[in-house]
Structure formats: C-alpha cells, structure tokens
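Across the two complexes that follow, chain A remains constant while its partner is chain B and subsequently chain C.
Here is the complex of A and B:
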C-alpha cells in the first residue's frame, strides 16, 4: 500500500443503501481513489477483520460507519474501527439515530423472535429460535448474539461527525469528499468535533418548491384517501402529515417534490434536540381549533404517533432516557 | 472433527459464514451456511399505517428497495381491495423494468461475469469488474455504466428518489409523468434493448464458444435438480410485476399456479437454531432436509427458476433468446445452476423490451394514475419477482389501515436451502482427502453461490467481481493449521 491516507467504510445493521449512495457519486469515486488508499470496505474490496485488527491504532484517517448496532458483531466492529480511525463518521440515519430498524426498540428481543419465527408461513411447532451457540453432530457452530436493543453508533463509541440521510444524498457525499480533500491539501479546516455534516442550515420546508401559506388544519388526511391533492401547495396545509418542519434540509426535498410527504430521514433540523418533540410542537401549532373535543378529533387523525414522530430517530430520542435497557444497562 | 471456517464472507448484507466439517479421511462430511443477522421488520412494521410500510420495507435492502416498494404497494392495494388504474400499474411496472435492467447488468458484469469473461483461474487481482473492462475494453465498460445509469434515472423520475423510492401508495402513485419525461424514458429504454442484445451476444462469444467454460457450466458439480417457482402472466410467460406463481417439479411438470393470497398453501418456512434466516420449502412436498429431487420440497426462485417455471417470454427478442437457451441445452428444465447467468441476460432483454413497450403506451402520460380506495382495509398479499426471487409481502390491518401483523418472504430467502446445497456439493467435489486448498478452489466454491446472486449481500451489486473468502483450517484442538485468503 502507498502512503496515501487510508479510508474505510463499514456497514453494521444496515440495508446497503448507504453504500449504493456512495457508489452513485460515479466518477467522483475516482477522487476518493486518487487521494486515499481504501483500507477496508467490504462492499468494494476484500480486506478482512483480521487485516483491520492488524493495523496500527489510528492508522485509518477516515471511516464512514453506517448501520445501527444490533448484534455483538456490530458492536465489536464499531469498537475496532473507533480504535483504528482518526476520524469516525456516523454515516446515514441508522448509525446517526437508529433509522427505521430502531423502531424495534418498542419491542423486546423475545417479542421480535416470537414474531419472526412464528409467522403464518413458518412451520415451527417446537418453537425453535436461533441460538448464539449450537451443538451440531459435527461440532459447535455460532452466530452473534442479538442484543436487547438497537443502539446508535455514539451510544457505543465516541463519534467525530454525524452525516444523516436515508441514505445521504450523493451530492452531499460529493461535497464532504471535496472538503476532506481540501483539508488534506491544507486548503480548508475540519468542522468542530461533533458537528453534523452534509446537511443544510434550515428545514426540509425551505428546500420544498410547494407554496406555503398560513397552515390551519381541521383534519389530518391519509394520502391514499385524498382525491384532490393540489400538486403545488404545501402537503401539511392539505392535512397530509409531512414532517418537513422538523427535518434538516439537505436532501433537496425530494419526497414532497414527488408528491409524497417528508418522513424525516434527514434527521432533526439544526438546534432540535428531539425530533418527535419538535414535530409534535409543529403539529400543535397548525391545528385550527380551540375546542378540546375538536382538537382530540383532529389529533385522532394521526393514527401512528410513535411511528410518525420517531420513524428514524427512536433509538436516539429522549424517550430512551426513561428506559434502562435502551441505554445498554 | 476437523473443520474449515469461511468467515466472514464479505460483500454480504451483514455477514455470511460457512462451516465445512471434514471427516477422518479429510473428505467433506457436512457444511453449514449461516446468516448471522436479523433486524426484525415483521415486528416493527406492526402499528404503522399501511401506506408507510412500502416505504419502511424499502429499508430491508438498499440495493433492491424497488422490489420491496412494489410488493409492499401491491399488498397495500390488496389491503384496501383497490386496483390502481391502468396508468398507475404501468408506471409502477415501468419503474420496475428500468430497475431490473440496472440490477441484472450489475450482477452480470461486476459479479458473475468475471468468472467467465476472465475465467475462474484468472489471477485474483484481475477477476473483478476492472479486469472485465480491461479484457473487453473501455468502450464496453462505458456501455455498462450508461445502462446502469439509465435505469437509475428512470427510478428517480417515477419513484422520486434514486435509493428508496417513495411514490407508490395504495391505489397507485403520488405522481405521473409528462410527455417530456416519457420521451426521455423511451430513449433510455431503446438504449437498454440494444444493451440487452449486446450482452447476450457477448455471453455467446465468450462462454458458449469456449468449450472449457461450457464444460464447467454443464458439468455435474454445479447441477442440483430441484423444484422451481416464478411469477407468470395468464399465458404462462415470465412476468416480474404481476400474475400467479407457477411451481414446477424437477421434471418440469407444473404442479400448479398460486395467486398471491394462496401463498401459505404452497410455501412454508423452517427455522434452524443455527441461523437467523429461515428456510422456505414447498409445503405440499414437505421438508426432507438439504436434498434435491422430486420428493424434497426444496425449490429455488432465480432467473433460471423463472425460465424453468414459465412457458416463455412475453416480448419477441427475449422469446428468441429463451428458445435459444433451451435449444442449446436440450430442453426444460435446466438444472445446471450456473446457467442462471445466461437466464439473467434473457430476463434483462425482456425487461428492456417491456420498458419500451410501457414507455410508448399512449396512456402512460395520463393523469389517471391513482384510484382512491373506498373499502375498509383488512388484509392483503402482494407478490412481485425481485431479481433474486419471488418476493411476498402480507399485511393485516385494523379498520383504520394500521398494521396488526406483517409477514415477509423475501427474495433470496427462497434460495437459502438451494445455496446451502450448492455450496456443500461444490465443497465436496473440490475438498478431498489430501487436497491442498488453493485460491482457485475457493473461487470454484464461490461460483456455486454466486450464480444465485444472493441478496444477503444485496450490496454485492457494486464493484469487484468475487465474494472474498477466507478459509481457516483448524485441527481438533482449534489450533489454526493454515489460513488461505483471496483478495481482489
């Protein structure tokens, strides 16, 4: 290997979409190649855990880590890569705030196993569940322990930067790569530790091309049940629960532009501590009524408050503070 | 008992692990292919509004989210008992065809192709997509990149985003396309047809005209007779978006066709305590263990399976390619699993032709792309063919359309038992008493499962062309005797 700085990318409990987003930067990937040695990136090349273990501590300059921490193997790799990396970035919603799989934290491990291994198509009369270690006639075989909750990367190790998005948009990835290269060339400085990178300064609404007036809602409506959606008007004003007001800008408001509400994959906007709390505030402020009964009726239109307000960020939300297990205790 | 551990197999989603146990003579006694990962979508989709499940289940796989979005949207349609208007269905299928071209192209050129284009014994450093480009030339590499990008562009136009599309809702879509977009999509589709024909010609020149490869493809090691399933239209032609699932036995006899809502009559899943992934099998035939043949319920759902389970392709050029495949190989069904690479290219051409058909339909730009559901939501099943196998989503909801139960039988899961069997057979063939385990051997074991394009590594759909393996030989005391690795 040359003496170029080393780059790594790893997936834990993730879907692979973050990797695809990085590959979708097309020819820009050549800039990465020109400026870095790729030390470890299971999707693109073949170095093994052992090779990472053999590296000197801090020898990887930059690691993009995606996926939440769901198994002991995920945890092991998080700790290993922390030790070996100078800069560790929580990359994508799952690593930053848990992502959709973080919604599993509403359930216990037993509930998850019970559901998955006894579905309508599963024939499991003896109630067999996967075991971390199992004796076969030929010897013991093992799989990693499924931990009680899904944790975010910074609940397991110290994180230097956060880059949200499900997945992060390619133009944001390109911008971050450009910045890192400029830093390497001495032309720019790194942002302060702990910063969120690859996002805009405001909310999804500010990037949305739909017209916004004063939001006054008498009723929340499910998108499939509306036959007269105005293609140019703010979706929330039309009663469709779009969480753009709480969500960081940076994606280009892709979903609302395509007629679908924002689901919050870019995480909380700057200054927002708890995404769900901010969105509930936003909802409260647009309800056009002072009558408690009517307000109740309007709020009943939100059929899944927990999933709506915490779709990507449950594992990192303030809700976890009351739950010892969620904090890994 | 001595064992060989292959761990980790990188470029799988999470990680795959293979344990190979050797008997006292040093021959393979048994193998276990383990999937050490679980996220629990069936649990945490409960409580969610049904229109959001096709968006959440996207996140099962960032490489084929389009497949989950389609199966999910169809299940959500069924929950409401609503049929999207013709334009709505066509738009969904159009996006899906474009995705198929991209996905199949990636597998052939980046993953499966290098074994043939460069040969299974080519130096490891060359046996990847870059090596393919060196061998076939930069011009062809450019064609591949252009075809993949064309598919991605269409996904973004109709699906709203490049990764994790968001526009399909119960009853249709949130948006349609205008004439300008249609023209652009048609143009890209015409290129895709050209690219599909080119790819089949390349396969013919490089593989079919090479006796050594042909022997490898048609030989016994990669031959595993089993049942096959695949979605077909009313004329029993392969369809990726809609229809019934055709089931054929290892003799090619059709055992029946099931509609989405009948899937539990046909498919059952087995739990093994040593893996997080379940093993589906044909319920009517029954689970007889990891064996092929007529009496075993093991089936596969791959491009080759779909061709085996159908009576042909619905577009003219793909039909010609289908006939050529079976004429060359002596009829249906084909059990040589490496032929899956060829079948994948036949499907790629079909997807491209269908893409153009849909893009040139006069109604594709209609504003009538959504039907508002009127029935009370309850229960529904949606099935599409994901590139890596029949994908089934099944949702139950309360009267408000909030999920109370979710079941998912995902593409590659169908093929878990076949892949395990193929690995065992290849390992048994190559690892014999007294054999020195070489890198070339490892690649041949890899080839056994690479043809299935396993989606445990959905993200295998990217750069270099092999599943990297590490084989550790340990003695009975667990001491490492030898470690062999292969790298790109």
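Here is the complex of A and C:
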C-alpha cells in the first residue's frame, strides 16, 4: 500500500443509497482514488473486519459512516471505526439523525419482529423467530443482536462532522472531498469539530423558486390525490404539507422545484432543535380558522403526522422514543 | 456547567405562610447551597417576605458585599414581583435582567398539599432557575420618545370622555368615528338608569364640547385603515369617507334634508323603526352638524338626476364629486373605545323577533320611548297606533345562555327595570319582567329595583321557553303568549301579552377581531378586547401605547364606560407628560442569514411587528413594536427567531435544571 491517506466508508442500518451517492460523483471519484487509499469500503471492495481491527488506531484519515445503529454489529463497527479514524463523518440522514429506519423507534423490538415474521404477507408456518445464538450439531452459531432502539451515530460514538441528506447531494459530496484534499495540501482548514457540513445556512425555502405569500391554510391535501397544483406557488400555501421551511438548505430544493413537497431529508435547519416539533408548531400557527371543530377537520387532513414530521429525525428528536436512559446494554 | 464563573445568590421566600405553610423553605435554601455549588450558587437564604424592603435590602447588600453576578428569587409568579427584584438588583449595580424569579407559590405551594412533594418540587424549580439565570445576558431598556397627539377611536361616551380629558389637559386629540355623528349608543337612549336623567340632556353638552374643542380634531364618517409604528410613534392612515358635503361651506341649516325627496329606512340610529332621508344627519343634535349623502340610496347616484339638495342649498355646499380622502396622522398613543353591537335577537327563533310583529328589541324600545324618536315617545305596538295593555320584558336574551353567550351582559337587568318603569309611567299596561337572577349591584341600583317593585311590576323568575302567537285557550287569541317556567311558583305558566321586549345581549363589535388585529391587541374568546390585567390594569393592553375603554372591553353601563374613558386618558397623559418611555428589552429577533423568507411568521404577530422585505426575501421584527410574546419564536420552522430571555438555550437550560434531581437520582443506578 502506498503512503496516501486512508479512506473508509461503512454502511450500517440504512438502504445503501449513500454508497450510490458517493459513486454518483462521476469522475470526481478519480480524485478520491488519486488522493486516498481505500482502506475499508465493503460495498466497493472486499475487506474483513479483522483487517480493520489490526490497523493502528487513528490510521484512517477519513471515514464516511452511513446508517443508524440498530444491531450489535453496527455498534461494533461504529466503535471500531471511531478508534481507527481521525475524522469520522456521520454521512447521510440515517447516521446523522436516524433516518427512515429510526421511525421503528415508535415500536418495540417485539412489535417489529411480529410485523416482520408473522403478519399476513409473511410465510412462516413454523413461527420461527431469529435467535441471537443457536445450537447446531456443528457448534453454536450467532447473529448480531437486534438492539431495542435505533440510535444515531453520535448517540454511540463521538462524531466529528455531520453531513445530512437522503442521500447527500453529489455536488455537496464533491465540495467536501475537495475541501479535505485542500486541507491535505495545506490550502484550507477544517471546519470546527461538530459542524454540519455540506448544507447551506438557511432552509430549503431559500433555494425554492416558488412564490411565497403570507400563509393561511384551510385544508391539507395529498399531492398524489390532486391535479390542480399551481407550478409557481409555494406548495404549503396550496395545502401540500411541505416541510421545507424547517429543513436545512443545501439540496437545491430539488423536490419542491420538481413539484413534490420537501420531506425533510436534509435535516433540521441550523436553529432547529427538534425538527418535528418545529414544523408542527409552524403548521399549527398558520391554520386559518378559529373554530375548534374546523381546526380538527383541517388537522385530520394530515394522514400520517409521525411519518410526516419525524420522517428522518425521530431517533434524534426530543421524543427519545427509545428508553431515555438506555445506554446500550 | 464546569466553566461557570458566575456567583449566584438564591433567595427563598416564605410569603408568610403562603409558601412556608406547604414548602419547607429552610430546607430548599439549605439544599440549593449544598447541591448547586457547581452551578455557581454561593449564597442561599430564606426570608419571610423577600418583596419587603428588608428582603430587597438583603439581596442588594449581598450583591455588593459578596459580588453576586446573578440572583434567583424563589417566590411568586414573575407577573407579580419580577419587576420588584429587577429594580432591587439594579439599585445594587447589577444589570436588572440578570435576575430570575422562580415561582414556588403559584406553581408549587398553591397547587400541592403534600409537604414533602412540594419541597422536592421547589428544589427542582430553583435548580431550573439557577441553570437558566446563567444563560441570561445583560440587557438595556429601549427608550422611545412619545409624540404628543393621541388618537381616540370611537365617538361614544367612553371615547368622548377620553378625548375631552386629554384635550382639557392641553394636548391634541384626533377623535375618529365611523358614523356621521359622535354620540354612540347613548345618543339613542331616552332615559338613563337609575336616575332617569334624560340621556340626550347629559350627553349633548359633552358632544358639542368635543365638537368645538380647539384641541380636538373630529373625524366623523371616517375609519382607521392602517396602523404602523409603535408606542410614541404610531403612523395611522384614516379613510375619511366622502360626505358629498363641503364642510367649510355647510352651515348645518338642514334645508337639504327637508327637501330631499328620497326616504330611506334608518337601520342604524332608528334601528329600522323610522325613516331618514338620503342626505341626512342621524339625529337633530348630531355633532358635527354636517349631513352626509348616503350614496347607495341617493337618487342622483342611482339614476343620475335629482340634485334637489344642491338646488336648495343656500351655501353651495353640496359636492357630488367629492371622493374619499386618505388622512395620515402621527400619534403617540391610541385609545380604542369602539363599543358593542346588540345581539341579533333573530338568532333565538323561539322568541319570535322578526316573525312576530310585537316582539321588540331593547334598542327598538329605547328609540320608541325617546321623545325625538319615531313615535315621539309613545309606547305603541308595531301598527303605530295601539297602546299595549300588557307588556313582557325578557331578560338575558343571548346572555347567560350556553347556546349564545355565557357571560352576563351587565346592563340588561337595570335596563329592563327602566323599561318597566317607563311602560308604567306612560301607559296603564300590566308589566311583567321575566328574569333568571336579578343583578343590581351598583350605586342606587337596588333602590331602583325596589321602586319598580313598588310600582306594581310583576316579576317571574324563570327562563322564557317560547314566545308564540298560537293560542291554545281562550284569552290567548290575538296575543303573544309567553311560555315560562315560574321557578318560584314551581309551575309552567302561559302569559298572554300585547307586547314583548327582548333585553338583548351586548356583543363585541362584529369586526372586533379585525380591529384588534389592526391595532395589534388581543381579544378574549368572546371577542372583547383583552386588558393587560383584568384587575390592576383594566384600560391598558399588552401592546404599549394602545389603551381600551368602555364596552369594547366587555359589557358596561354608562358610568363604568365614562370611568374607563377617564382612566385611559390618565394613562395616556402620564406618557405624554413623561415625554419618553423605557420599554422592556424582552424582544424577538430574526437571524437574517437563517431566515429563508418562508413567511410563516408574517401574519402571526399580534402586534404587527413583523415586516417582510420582498427584495431580500427575509422577515424582520420591529424592535419597538415587538412585545416579546414569543408567538413567532415558537412558529418559526427554521428556528431563526430568538426570543430574548426565552431563547432555546435559556429554556433548555431551565429544563435541564428542573431534571437535576432526576438525574442525580439516576447517577448511582447508571454507575
């Protein structure tokens, strides 16, 4: 191996989209190769955990870690890569704030297993449920333990930087890679530890081209059920629940510009502590009625409040849907 | 917390036995000293009355001797004594905003009985206040100059009174009234209770004084369109509706009104009982004396011909081409005395108003008894000639009724007694009062009730179920039958009557919410303007520089409205005399970089303090207008708005402190 700095990327509880996003930077990937040795990147090249375990602590310069921490294996790798890396980046919504898999924190482990292994669509005639260890004639076999809740990376280990997005946008990934290369060349400095990188200072609305007026909402509508959307007017004003106002800028407002509401994948804007709570108070503030019954009727138009307001950030929200004092064991 | 260099003093108040009766205050003080040292607590004391001068002296001495940099007082609600302790800190040389009042009275001792629980909760509340006070920053008050002129909106008796008080003190007043004349509801009445003074006789001198006062600019037939600015410096836009009469030329001779061939039902002043002309003054003693042309009904405006008034006007004062005029004024303070609307009795169909001819509303009856009214003061049935032989007066129509308004309209009992007296005085009719409870609490009111009792009026205690013309038994034919449960006799009664008067509720103006929003004040759930404090500050609002008076704040009789007019004027005068005002620097601010201009906050501010910059696509808060209520802070989805004294940092620190006990309890378990 050369003496180029080492790069690693790991995929925990997530869909894999973040890995594709890194490959999606096209020829820029050559810059990665030119400047780094790929030390560990299971999706791209073969590697064994024991190889990583054998590395010296701090020998990896940059690790992009995507996915939440759902299993013992995820946790082991998070701790291992933390130890081996100088810069650990929580990469993508799941690592930063739990992402979609974090919505499972509304359910207990038993409920999740029940759904996965015994509901109508599952063929499991013997009622077999996964067991962490199983005695076979050949010996004991084990699988990683499924932990009670999904945690974000920073709920398990110390994180240097956060890069949100589901997945992070290619141009933002390129910019971050460029920055690291410039730092290596002594031409730039790293942002302060704990910073969120690859985002803008404001919200999705800042990048959205739709016209915005004072908001008064009389009805919520689901975008798939309507065909009279004004292409130039703010979606929220048209009763489409767009969470762009609470979402960090940086994605280029791709969804609302294309006609779909923002779903919040770029995470909370800089001033936001709890994304869902913020967006809910904002929406509640602009409902245009004084009549409690009518307000109820309007709010009933939000068919999946938890999935809408906490689509990406439940695991990191103030709701602490897991056990608040649960510390891993 | 580790790097905290603050020196915090904690002072736990007994409030006599108010707090000490339930909370072990000595224990709370001892605990804070022993356990919150890491948070910076260097002194912790308890004292019988922290708000007394000795209590305040103790804090001041400690600030000076012990070099305290923050002060936490665990006592009552910040509403009561936050200011007291801020001032005390300031006297000792500490920035007043580095203090925190922890409520262990309203939020602890008054709501708990268990001494152990209450003491533990007090510790948590104190720990929360200690965490929070560390996050406070020194603030300076915002000083604003007060412009001398005052705007009074509403020319009823409350507004007239307020305007005269200020004008008589030598300061300019703009009095705006949307009808063609000032006078309000009082001008419609004949007699006032309980003295039976002639309403016009006592009101018109005030009206003409307001009309001619050198310090009062009277703007009738005008409405406030927009209010910008803040206490001391309001820019008000007023629409002067076109009278089509040149007031410089008009002498108020009344010839135009006599000659005008177009008769119109007068729905406003005569509540539909009488007619007026298309060019008119609402009543003879109207102030100002200038008539207005009702353009919707004027033949010239309808058909393009007529112009009779113009032909006969001796001073060429008629001007059909006149247009609405926009007047812009700058004032330092505003008094809203916009009055009430009468409950629409049609909303209670079983009482038959609008369907049964001889059911009248209270205001119709007022006009009927007025010597200058449509019947010249005669009490007659709807046919205009028959004198009733029996009259029923129904109280609480639309008041104290969960279907309409829960509140008591305050004036109806006395008004109904007055009606009973007037019927008795002017006819030989039998009079019934149907009441739920008789409420006559003010000066000489119950004496009047006794007098009406003595006059032979009959009283039936019970809520009327129905007024009907469907006769069931002989003697009911051709009559209005009142079906009522007489709760004192314990039986249902059917009482046939010739005339029924409905003492209708007083309701907020139909546009009270819009008015409140325009001026940046709040309304109660019922729609009455909300006072800053219902007992101690009844004429101020949460918006500095906006005062309220009269029935716009809730049902009121004439003496109460006049008192409020004077009180509001006194508040305004004290501001004018001072010349400037120090505003609390508790404000919200928008981080311009974080604001995306989503405009969610734009319409929420009850004080109209949020401005949207179209060019930069960001919102901004006017610091003088903002009252620090926090509405926008909560609503901002981007978290781009911070409330001073209530920042996320401060609130989360307080929560952390509140959970301090929980956390310490958890430590051994987790270790």
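As a working rule, the second predicted complex is superposed on the first by the 316 of 329 C-alpha atoms of A that agree within 3 Å, B and C clash if a C-alpha of one lies under 4 Å from a C-alpha of the other, contacts with A are read in each partner's own complex, and residues count from 1 in each chain.
Here is the rule we go by: a contact is a pair of C-beta atoms (placed from the backbone, for glycine too) under 8 Å apart; a residue touches a chain by one contact, two chains touch by 3 or more.
Values in this document were obtained by computation on a predicted structure and should not be read as measured data.
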Which superposed partner A:205 touches (first chain B, second chain C, both, neither): second
Partner chain(s) touched by A:193 [first = chain B, second = chain C, both, neither]: neither
Partner chain(s) touched by A:297 [first = chain B, second = chain C, both, neither]: neither
Which superposed partner A:216 touches (first chain B, second chain C, both, neither): second
Dominant contact partner of chain A by residue count, chain C or chain B: B
Which superposed partner A:79 touches (first chain B, second chain C, both, neither): neither
Shared chain A surface residues [contacts with chain B and with chain C]: none
Contacting residues of chain C [partner chain A, same complex]: 513, 591, 593-604, 612, 617, 631, 634-642, 648, 652, 666, 670
List of chain A residues in touch with chain B within their complex: 11, 13-21, 23-24, 26, 42-50, 70-71, 73, 99-101, 103-104, 106-107, 111-112, 115-117, 119-124, 128-131, 134, 136-139, 141, 143-144, 146, 150, 166-167, 170, 222-227, 229, 231, 254-255, 257-260, 263, 265, 303-304, 306-307, 311
Residues of chain B defined as touching chain A within the complex: 1, 3, 8, 10-11, 13-15, 17, 19, 21, 29-30, 32, 34-44, 46-49, 51-52, 55-56, 58-63, 65, 76, 80, 145, 149, 152, 159-164, 166-167, 169-171, 173-175, 263-264, 267-276, 278, 280, 283, 287, 370, 372-373, 392, 394, 400-402, 405, 407, 409, 457-464, 466, 468, 470, 485-488
For the chain A and chain C complex, residues of the former touching the latter: 201-206, 212-216, 234, 236, 243-246, 249, 268-273, 278-279, 281-282, 285-286, 290, 325, 327
